[in-house]
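Shared between the two complexes below is subunit A, which has subunit B as its partner in the first and subunit C in the second.
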Partner chain A sequence: MKRRSLMKAAALSAALGLASGAAFAQDAERKIIGVSIPSATHGFMGGLNWHAQDTIKRLGEAYPNLEFVLSTAGDAAKQVNDIEDMMATRNIDGLVVLPFESEPLTAPVKAVKDAGKFVTVVDRGLSQEGIEDLYVAGDNTAFGRVAGEYFRDNLEAGAKVVVLRGIPTTLDNERVEAFQAALEGSDIEILDMQHGNWNRDDAFTVMQDYLSKYPQIDAVWAADDDMAIGVLEAISAANRQDEMWVIGGAGMKEIVRRIMEGDPQLPVNVTYPPALISSAIEMTALNFVSNAPMTGRFIIGSQLITPENAEQFHYPDSPF
Partner chain B sequence: MKIDLHTLGPLVALIALVILGAVLNSAFLAPANITNVLARSAFIGMIAVGMTFVITAGGLDLSVGSMAAFLAGVAIIAMNAALPGMGENWGTILIGMGVALLGGLIAGYLNGALITKARIEPFIVTLGTMGIFRSLVTWLADGGTLSLDFGLRTLYRPVYYGGIGWITWPIITFAVVAIAGEWIMRHSRFGRHVEAIGSNDRVARYSAIDVGRIRLMTYMLLGLLVGLAVVLYVPRLGSASGGTGVLWELEAIAAVIIGGTALKGGRGRVWGTVVGVLILSLIDNILNLADLVSPYLNGAIQGVIIVLAVVLQREKRTAEER
Partner chain C sequence: MKRRSLMKAAALSAALGLASGAAFAQDAERKIIGVSIPSATHGFMGGLNWHAQDTIKRLGEAYPNLEFVLSTAGDAAKQVNDIEDMMATRNIDGLVVLPFESEPLTAPVKAVKDAGKFVTVVDRGLSQEGIEDLYVAGDNTAFGRVAGEYFRDNLEAGAKVVVLRGIPTTLDNERVEAFQAALEGSDIEILDMQHGNWNRDDAFTVMQDYLSKYPQIDAVWAADDDMAIGVLEAISAANRQDEMWVIGGAGMKEIVRRIMEGDPQLPVNVTYPPALISSAIEMTALNFVSNAPMTGRFIIGSQLITPENAEQFHYPDSPF
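For the complex of A and B:
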């Protein structure tokens, strides 16, 4: 008797197994999208990570047949491993990748594409053209140009400015070249350009040295809001708040709030939204759930945040 | 005379840098610039004094930069949490300071205990805790930045920027730590034991020195000094993030070695470490003040000067040993 019931139990579980298998088969339209981004090592990437998680949560609820795999990598080699793992163990249908570096990621992403998957590349292009189905990026040239134009239009002839640069990369070069181009032909002099590495402490140190070196500074292009925080602190330590204003970039919430409040030291800001990862994930998801064509290049413009429009750029819940 | 040559190596380099700086830019010797350079040296400086003891005892600690970031994060969270109950006063700030110092001691004990009790290589233990502390602060900050409440920040600010005239508190603290460190290394029993263990731990053990305990104490001392550095660091920008204190460990170790402490242990020189720290910050300062080279090459110049400073010293040492 006991034995028979055991058999029954086995049969039942086998049937259940079959049933769940059938359910699985019915759900064959289930699509898996892998998202691979750099880990949150500084403010901007922290914001980007937050927006990625937020978007995935929202899309997962909106489209039950979509599943997302998110991985964050501290360096290019780890990111390559992540992508290989996604292919091997999760059999992804689409990949959204923000390459840590262009060169090392090109071949692994191409392998994903060659396997017939939908590939979205975000922000940093691959070193070979035509691999990705969709390219989503911010506009680095506009980022430098918009800032440069504000300097040109709002400083008097003969004004002197200093610039803090980021980590030496092509992205930083594009921004700085566009900034210089916007100032060309005006009488505004760029006194110095040193690397603050998008880091508060480094920017603080560089700005302290600028302040020792130059008796006259009328404006600072900090080019990043983390650097702007360090710069502002160095200026206030030297008691020269009234002499110069500071333009950061990327729209950190603390800075945007101060612009909303009309802080004279922070007249405007230039966007380079970390939420661009959300655009990329959303568009990739739409590719699987709708008939809307989602291939091509999508460049997100850099806008000027002013006290009048600052409200719409303020994300109080984001860590950035 | 021999001893003089030894000590003079890094000191000559330091004096040469000061002269170079003064020639290149007249703003270099202005009190404001000297205050800036000394104050920003203070964090790495205090950590490097602790590191001198660890290295002299034959150990190593790679976790100090991440530890500083983590302690800064925890101290900020503690102060923000204490704010509603305690109010905006020095009591709240003292809680934050206490958390940083106590946290430093505990973190140092953790490193030291894993090294001396579980007998794992210091390089591996501290490489591990380096990653742990760094991830923890990123996690606590949710990938962003932990910021101290604005009111507290304003109250706390003079701890970094204030002082007696242009000699600000970080400079005073650094000086006290350096003098105390030098005295402990030269004249206390603990200092002599540290050197004995570093030159030959077996002989030290046979001489009835509690090797494990002394080593553990060097890591705890270093942890405490990291905590002290954090106490002075937090009021500067009032924030901590995953990017805080990156590579501080290498700067501290480089300062120790430039100052004439042997990386293999046995010979500690706290004064040398102080000189080493000043050399490192002066290079940065001079490169910023003078447009000598493309900023892309700053790292290369730093590297050359570090290697040169150590090479000079090595030659003198081999000459002496011969």
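For the complex of A and C:
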């Protein structure tokens, strides 16, 4: 198994044309960066996988002395294996890891750090603080606040809204609390907040329930683009698409395209970019090719996507 | 005056070989990044100026389509002028600014942002939140905590220490509070904390006073390398160099060299890197050459410099 996953990584490396750099650079300057991420099991991770490959390709061309080993894992055990392989057989100089789960990845990532490698942790913290050199993540508070501010500024007094929550997590709490805080003092009423679990089908069911319960709904905070798709289907099925608009989140390609086209049902979106993996890989590369300090915490802001700026958030080649 | 400062920027640009890239890249892809920083009036700013030039040189070579306009200012009014020049005559696409002072720079930097440019603010916030796309700064809490932890772990119970504070500012408070918090619960006594104002001569005077007042001093937190130099002079003058060690901060070249050589008076140092300007310029460049999101807050960690790792923090060509 170990051997096989390694071969896959090497094959991918070759397919991306990453190994060619070795010929240009002196051995002393050659640096190998491992990138370990979850597989493309759903929309957001599909986008994240695409952006990781896109960035590795760009960096391989810009810096021939950098070599990358990319591995994707469908579960935590496979990811632990991948990282141990990277250390044992590729002797990586740096590791970029988006942990499948925090707990089982903490010890293996700590072992990489203890071996003197540069470690970048992305999106989800490890169970122990202070292991990584660089932490790169989205801003969940801003994600909720930016959405809430749009509701506050674009609904009339007395407007009624419903909210779909994600999987019950700290991350979801932070987002929802910031959304509610942004509405405080306004005359906008939140009718209901149920968990759609960042899942299209669950969101469809929750929204069906909302539509049967509430005769007046002016806007929906779906809080995630997969949930937004489910919500839009339920609204269409109830034939109430002229009554309310829907704000998702994360910048899914189809949603961004509809914003660009001025769809009145989808006026804006809030970023939580799958391309955060690109920021993490680029900054890890800078640690090796520049004198710029890259140790610390980079929290990527959540931005409002509007018809005016949507094009810069639209990646036609990405699956997400 | 405007014309003159512009000519100086252009001359510097030429001297660094930055303009040459324009010939390689298509006009459509060419991006101009303005960098506005305080002059090299003291050690830390000298280092910062050196790192800014070093990074602009590296990026000009790595990305021929990027062009840089660097200007340095001895006061806030000159810096406002510089930024207005960059907009009026160079039509910059992005701005990296380390504000001389927050208040007078806020409106001019906001004007750059309102014109649709990418704005990176470094080290000191503006008077109004949310203007910049990217904020890059050091971590003052970690700066105090890392030093405090070294004192806690390397002094015996009953040890007595003195502290030199910087110019009275929020920044200095954050550092000192974190230092005190790290010592809480230990048996280490802080005898005194006076302001040496990040100044060599003031620190000499404060330390002279400490030395005459306190018969037992086991260690000094000078909290800044300029202050550490003044403190070491006072200790030498009192001939008490065998009694105590001194921890400065920021990673001054001479101090780092002495750590590399194993000087018992200077066992370690804590980083607050003048190269943070390099992180800011590199990340702003990534906004133009990559798909990686670069909007957000990057807080650079403070690291402990030890004899083992000192070499990686030693820049022999930098003036600081």
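The working rule: the second predicted complex is superposed on the first by the 293 of 320 C-alpha atoms of A that agree within 3 Å, B and C clash if a C-alpha of one lies under 4 Å from a C-alpha of the other, contacts with A are read in each partner's own complex, and residues count from 1 in each chain.
Keep this in mind: a residue touches a chain if its C-beta (ideal position, glycine included) is under 8 Å from a C-beta of that chain, and two chains touch if they have at least 3 such contacts.
Small disclaimer: the values here were computed from a predicted structure and weren't measured.
**Q** Check the residue A:299 against both partner chains and state whether it touches subunit B (first), subunit C (second), both, or neither.
**A** Touch status of A:299: second partner only.
**Q** Taking the superposition as given, does A:175 touch the first partner, subunit B, the second, subunit C, both, or neither?
**A** The answer is neither, since A:175 touches no partner chain.
**Q** Using the touch definition from the top, say if A:139 reaches subunit B (first), subunit C (second), both or neither.
**A** second
**Q** Check whether A:124 is in contact with subunit B, with subunit C, with both or with neither, and answer first, second, both or neither.
**A** neither
**Q** With the two complexes superposed on chain A, say which partner A:31 touches: subunit B (first), subunit C (second), both, or neither.
**A** A:31 sits against neither subunit B nor subunit C.
**Q** If you stack the two complexes on chain A, which partner ends up touching A:55: first (subunit B), second (subunit C), both, or neither?
**A** second
**Q** Per the contact definition in the header, classify A:200: touching subunit B only (first), subunit C only (second), both, or neither.
**A** first
**Q** Identify the partner contact of A:282: answer first if only subunit B is touched, second if only subunit C is, both if each is, neither if none is.
**A** Second partner only, subunit C.
**Q** From the superposed pair, tell me which subunit A residues show up as contacts to subunit B and also as contacts to subunit C.
**A** none
**Q** For the complex, which residues does subunit A have touching subunit B?
**A** 39-43, 45-47, 49-50, 165, 168, 192-195, 199-201, 204-206, 208-213, 226, 229-230, 233, 237-238, 254, 318-320
**Q** Which part of subunit C faces subunit A closely enough to touch in the complex?
**A** The contact residues of subunit C facing subunit A are 51, 54-55, 58, 62-63, 133, 139, 271, 273, 275-276, 278-279, 281-283, 286, 289-301, 303, 315.
**Q** State the interface residues of subunit B toward subunit A in the complex, per the touch definition above.
**A** For this pair, the touching residues of subunit B are 25, 27-28, 30, 32-33, 36, 40, 138, 141-145, 147, 161, 236-237, 239, 241-244, 246, 284-285, 288-289, 291, 295-296, 298.
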